[in-house]
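Attaching a single structure in structure tokens format; questions to follow.
Chains: A, B, C and D, in written order; residue numbering restarts at 1 for each.
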Amino acid sequence: MSLNTYGHVFRVTTWGESHGPALGATVDGCPPGLPLSETDIQVWLDRRKPGQNKYTTQRREADEVRILSGVFEGVTTGTPIQLMIENADQRSKDYGDIAEKFRPGHADISYWQKYGIRDYRGGGRSSARETAARVAAGGVARAALAKLAPALTVTGYMVGMGEKDIDRSQFDWDEIERNPFWVPDSGAAQEWAGYLDGLRKSGSSVGAMIEVSIRGCPPGLGAPVYAKLDTDLAAAMMSINAVKGVEIGEGMAAARLTGEANADEITMGPDGPIYSSNHAGGILGGISTGQDLVVRFAVKPTSSILTPRKTITKSGEATEIITKGRHDPCVGIRAVPVAEAMAAAVVLDHLLLDRAQTGGQRGQIG
Amino acid sequence: MSLNTYGHVFRVTTWGESHGPALGATVDGCPPGLPLSETDIQVWLDRRKPGQNKYTTQRREADEVRILSGVFEGVTTGTPIQLMIENADQRSKDYGDIAEKFRPGHADISYWQKYGIRDYRGGGRSSARETAARVAAGGVARAALAKLAPALTVTGYMVGMGEKDIDRSQFDWDEIERNPFWVPDSGAAQEWAGYLDGLRKSGSSVGAMIEVSIRGCPPGLGAPVYAKLDTDLAAAMMSINAVKGVEIGEGMAAARLTGEANADEITMGPDGPIYSSNHAGGILGGISTGQDLVVRFAVKPTSSILTPRKTITKSGEATEIITKGRHDPCVGIRAVPVAEAMAAAVVLDHLLLDRAQTGGQRGQIG
Amino acid sequence: MSLNTYGHVFRVTTWGESHGPALGATVDGCPPGLPLSETDIQVWLDRRKPGQNKYTTQRREADEVRILSGVFEGVTTGTPIQLMIENADQRSKDYGDIAEKFRPGHADISYWQKYGIRDYRGGGRSSARETAARVAAGGVARAALAKLAPALTVTGYMVGMGEKDIDRSQFDWDEIERNPFWVPDSGAAQEWAGYLDGLRKSGSSVGAMIEVSIRGCPPGLGAPVYAKLDTDLAAAMMSINAVKGVEIGEGMAAARLTGEANADEITMGPDGPIYSSNHAGGILGGISTGQDLVVRFAVKPTSSILTPRKTITKSGEATEIITKGRHDPCVGIRAVPVAEAMAAAVVLDHLLLDRAQTGGQRGQIG
Amino acid sequence: MSLNTYGHVFRVTTWGESHGPALGATVDGCPPGLPLSETDIQVWLDRRKPGQNKYTTQRREADEVRILSGVFEGVTTGTPIQLMIENADQRSKDYGDIAEKFRPGHADISYWQKYGIRDYRGGGRSSARETAARVAAGGVARAALAKLAPALTVTGYMVGMGEKDIDRSQFDWDEIERNPFWVPDSGAAQEWAGYLDGLRKSGSSVGAMIEVSIRGCPPGLGAPVYAKLDTDLAAAMMSINAVKGVEIGEGMAAARLTGEANADEITMGPDGPIYSSNHAGGILGGISTGQDLVVRFAVKPTSSILTPRKTITKSGEATEIITKGRHDPCVGIRAVPVAEAMAAAVVLDHLLLDRAQTGGQRGQIG
């Protein structure tokens, strides 16, 4: 990952601030000949779009994507695809003393220290609005995967919110699209609604745990030792705003297990190896095994809350701050489509990188 | 991260297999004029060296590093530093049917599927021996940091092993060097010794939790959005063998917190901002704040255990496997110096990258 | 250089086609705190703009640049700068059989072979319009150089056109801005006007030789062995459309010289070393010496001429082609500001890369 | 190209100085399953080896390559291949005042200025010995090309030396291997022998012009706009020591031509397009056409000559210098196998990069 670019051969550079005229993604290295329209990308952006229900920020953004290059007569040309989203809601407001105070938990202070400059209009580059560009780029990755690995699906969902967890015995893939939390457990969906409503009303916020499953991933993607598939997935998730931890398969809990408990035993099935379990999260030695890829991450609660917090001003004076305005009680909800987009981009990138090195040929078993 | 390279401007490429003639690291982009000798690097390798106590593999490797280039008359020249470690203990043994069977939890099967070839002599490139090269490269990074950021220290230690945790109220920095587990709690050190001895005797293994603290890190290192300091630290840790999860600061637990509980309030101290807590792990918006950087990761238990496990052969036949020979009951122990090395390399890289872009100038507070 | 990106730490990604809605450059890694406005960039674009005189294409493009990100309150923020130029003149025309025929000397056929798709509306990504994005990015590089190396100037000029050469004894820096050819010799300027007019009227075209001098470049920029300053300058020039050869200093003529004739003898001046000559073009071992950097390149004649040329169609049938419409008799003229922009970007990039590795410190002489 | 690395997906990092213990190349991204032995690489190194005849330096180096990693049971594993060459002839000598004087035309002074340190023992990293590592890496590239593009050949040869040129009407591919100059014209071979002998006896030196032809290159390799095949070939050649200019196809002479003279007309042949000429050097828009790739470059005369030259010392005092010892009257001769190696690496890299993006599929003609 470079400053604002990720990917080895499918390379995405995002640009733009929360309150500038526009933001977007420059997508380089996309295979040619893929059908791609603005509608194909918009469908993913609409999932992320704020203001859709009372659980997410009331900022209203159309988030309409325009393809400015790289597509001709409805198909990708192999040249860079520029995806631009204009910032419609640059609400003219009085930032008041926000410009002088550092918000605890925000990047205000670290940006200021590094750059000696600070875009106080909503966080500038550190704003979650940047993730719209990721989702748009993920839409291109999805279009490529649809052609190159049609059996592959990328599905994100919430598995925890604050003190609440899903009941894995009730896991239902179809439920994910039916509730505003993308939670695969209808009982949890109901319970969480009330829980979050309470937090919203009290001006508080809460963290979240999100999981992404990539099913139908072919074996052989990834590489030792630094371009490991798990390394790149972890980096992709960790680069999303407010993410503080990332796990593959068993994750942090692997530290608790014995070798016996952690083993994924192997038997031979009709279409290849079958594993008794998936503690590994579908990756061994940095390379996919053909099992489901499972990556999980934690999003911290937003620090924009109604309870006053102690802080300082640029001139070093003690003060307090309350962040008013339109904010998400659980920013983790909107991280779901972002994580899916990042996962799609990483998997496509490794699929292309693999065919560079191996031509896509696989060692045979049986 | 490229296939076998990490770093933006301080770039390390490792090479070599567990049973080939040698392995090593090519270190590019090192600042010139740094005092550097083989002894400076050997001291770090000796910490990682196997066979030092009964808790780590009995494979005997001198792990003597040679500097083949990039140093002249005792100082770095600014050209690539080649660090070579010969594999002394290439024990000639009968691999028997290991060459035909896939070990569950090892990269045997995924390497085979990707490359159509498999180095059955101890895992080849997926072996933990590769980490010796990382430690050597970390020694170069340490030498550079000693000059460029003399107040900065990088310290790794274990905070959990299987079902055991340290007692944070007993945290003692000085204890870390006094016990074979690099654990900062003398009570835990004693208790863990017996626990691990039991596992070793029963031919079992266990996972571990390791933490690295970087104290004295200047503010302003890192960058939005994809070269975040936390992203690069997470990727560095996740690229280490057997690591399944990575956390920054509060980590996965941040998903459980409310915004009030997670806030690191800011006051002004004599030398700059002071924070009431460090849930953020020293990083906001991908950029260091001047607080301690805290990264934590989980290492899975080694799958080389004496209990037979079901698996298949290359020809797809069902079989069982027991991994005999010299192995670690807790591979996590040896991950401590490896993690320190990776952390040192990442921080140095960002220090150089920062002075490329900003010249090291900082926005002033107060 | 990646597919559509150049630079190590000052990284520019260009995007867009000649007949799409817009094109532009994403500039990453720019130092923060630089004054930058659209006017600062427009001045360079205006030099390149077509339709300014009868010697360049009559396509009319306003080539107005918009800064969409990375600048706040008139200064750069250190985040990506998106520079967008809308394609005003997407003249609706009948491409006729152009879409089926390959134009000799154009990228039509190679794009088709590679991508299986072809943007026949003026060359798509292979069009010289892409160079507008380079010039815009070069404007950012100039703004950074103005602050970081204020004594440094980048000046491009023509030294040959077809059979004509400049008379170096008449070299006059001030003349460059006075004539439409950016030629530093007033006699040549007059003579070339008639020469080119003749070619234009006959529907022919001619090649050109351009030189860029970078004066005031500090010593120590560049690096062995693959990021040599001459390598990166050569690559930058060779990446410009229609360039077929690149020289540093003495260039191809160095093959003719003896060691005695080629030596740049050194004496000590009041401010450092003085060289008796500059056969080296200001670079030794890939690193700048403090002398003027001199790079020269050849632009082939455009293949869009009125004389019919034999070619084939996509279905492999023999045919002839004449390229009608608005084209440049000497595309080399417009390469001058493009080359300046590329040179500025390369030098800035190396200046930043140098301060990453060395902190900008220099070995002292005397 | 990074500091000491070149290539997009087939990435080569060279390391080592002329008088250190060893030098070598770390080759990453090589396809797995290729037969590769030390003999396969040695054959190319032997072509470059000094001391083979009276026209090249009398330094005696066995230049024996060892493969330290990445090959198992005679085939490449897909992991990094470490190629090491020990420096046998580190002649212990009195460097006398060489350590204090800067040799005109050498990198002594620019290295000193940049790094504040200087390896006076033969040039350190700027020595032509670094090219042995390139040739070794090129041997790996050749082995990969032999499998992936068996019809492709890479042939380098001299086309000029000082005032002498070959007679293209006498061009004979078979002659290249028969004379010490790799010149494809038996008349020139004879004439040049005497010419060079005279220069050698007088302690002088002379430049050279080398050409590399890549025959049998498939169409579709390369990419707009910055990873152009011609850009990468030019950069590869320009990165070789002492190279001052690079040309593709018609090269610098293209500046002299009219559009009519420069056109490569196209007709349809039985196996695809046929071109009436190859002014383009096999590349249009940065992408190969299927014609021969032709790249040409100039090597300056070595500045190590017996005529005293004026220079200065590190303390800035005026002095003179004569470079005694073993040196080449025409260093260009030994650049021939180096250029072949670089060309092979670039073409393989683009072949892999192309199959990443397009899967190797081609647009059909006819």
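The definition used in the following text is that a contact is a pair of C-beta atoms (placed from the backbone, for glycine too) under 8 Å apart; a residue touches a chain by one contact, two chains touch by 3 or more.
These numbers come from a predicted model, not from an experiment.
Chemist: Looking at the contacts, which chains touch chain C and chain D alike?
Modeler: Of all the chains present, those in contact with both chain C and chain D are A, B.
Chemist: Measuring centre to centre, with centres taken as mean CA positions, what chain is farthest from chain B?
Modeler: Comparing chain centres, C lies farthest from chain B.
Chemist: Quick one: chain A and chain D, Cα centre-to-centre, how many Å?
Modeler: Chain centroid spacing, chain A to chain D, equals 45 Å.
Chemist: Between chain B and chain D, what's the gap in Å when you average each chain's C-alpha atoms?
Modeler: That gives a centre separation of 39 Å.
Chemist: Distance-wise, how many Å sit between the C-alpha centres of chain A and chain B, to the nearest whole number?
Modeler: Comparing mean C-alpha positions, chain B is 26 Å from chain A.
Chemist: What positions in chain B touch 2 or more of the other chains?
Modeler: Touching at least two other chains: 2-5, 8, 14, 29, 32, 78-79, 114-117, 125, 224, 357-358.
Chemist: Please give the residue numbers of chain C that touch chain A in the complex, ascending.
Modeler: That would be residues 2-5, 11, 13-17, 20-24, 26, 28-29, 32-33, 66, 68-70, 72, 75, 77-82, 84, 114-117, 119, 121, 124-125 of chain C.
Chemist: Hey, which residues of chain D end up touching chain A in the complex?
Modeler: The contact residues of chain D facing chain A are 8-9, 29-32, 78-79, 224, 352-353, 355-360.
Chemist: Which residues of chain C touch chain D in the complex?
Modeler: For chain C paired with chain D, touching residues are 1-6, 8, 14, 102, 104-118, 125-126, 130, 160-163, 199, 204-209, 219-228, 230-232, 234-235, 238-239, 241, 244-268, 273, 276, 279-281, 283-290, 298-305, 307, 309-312, 314-318, 332, 354, 357-358, 361-366.
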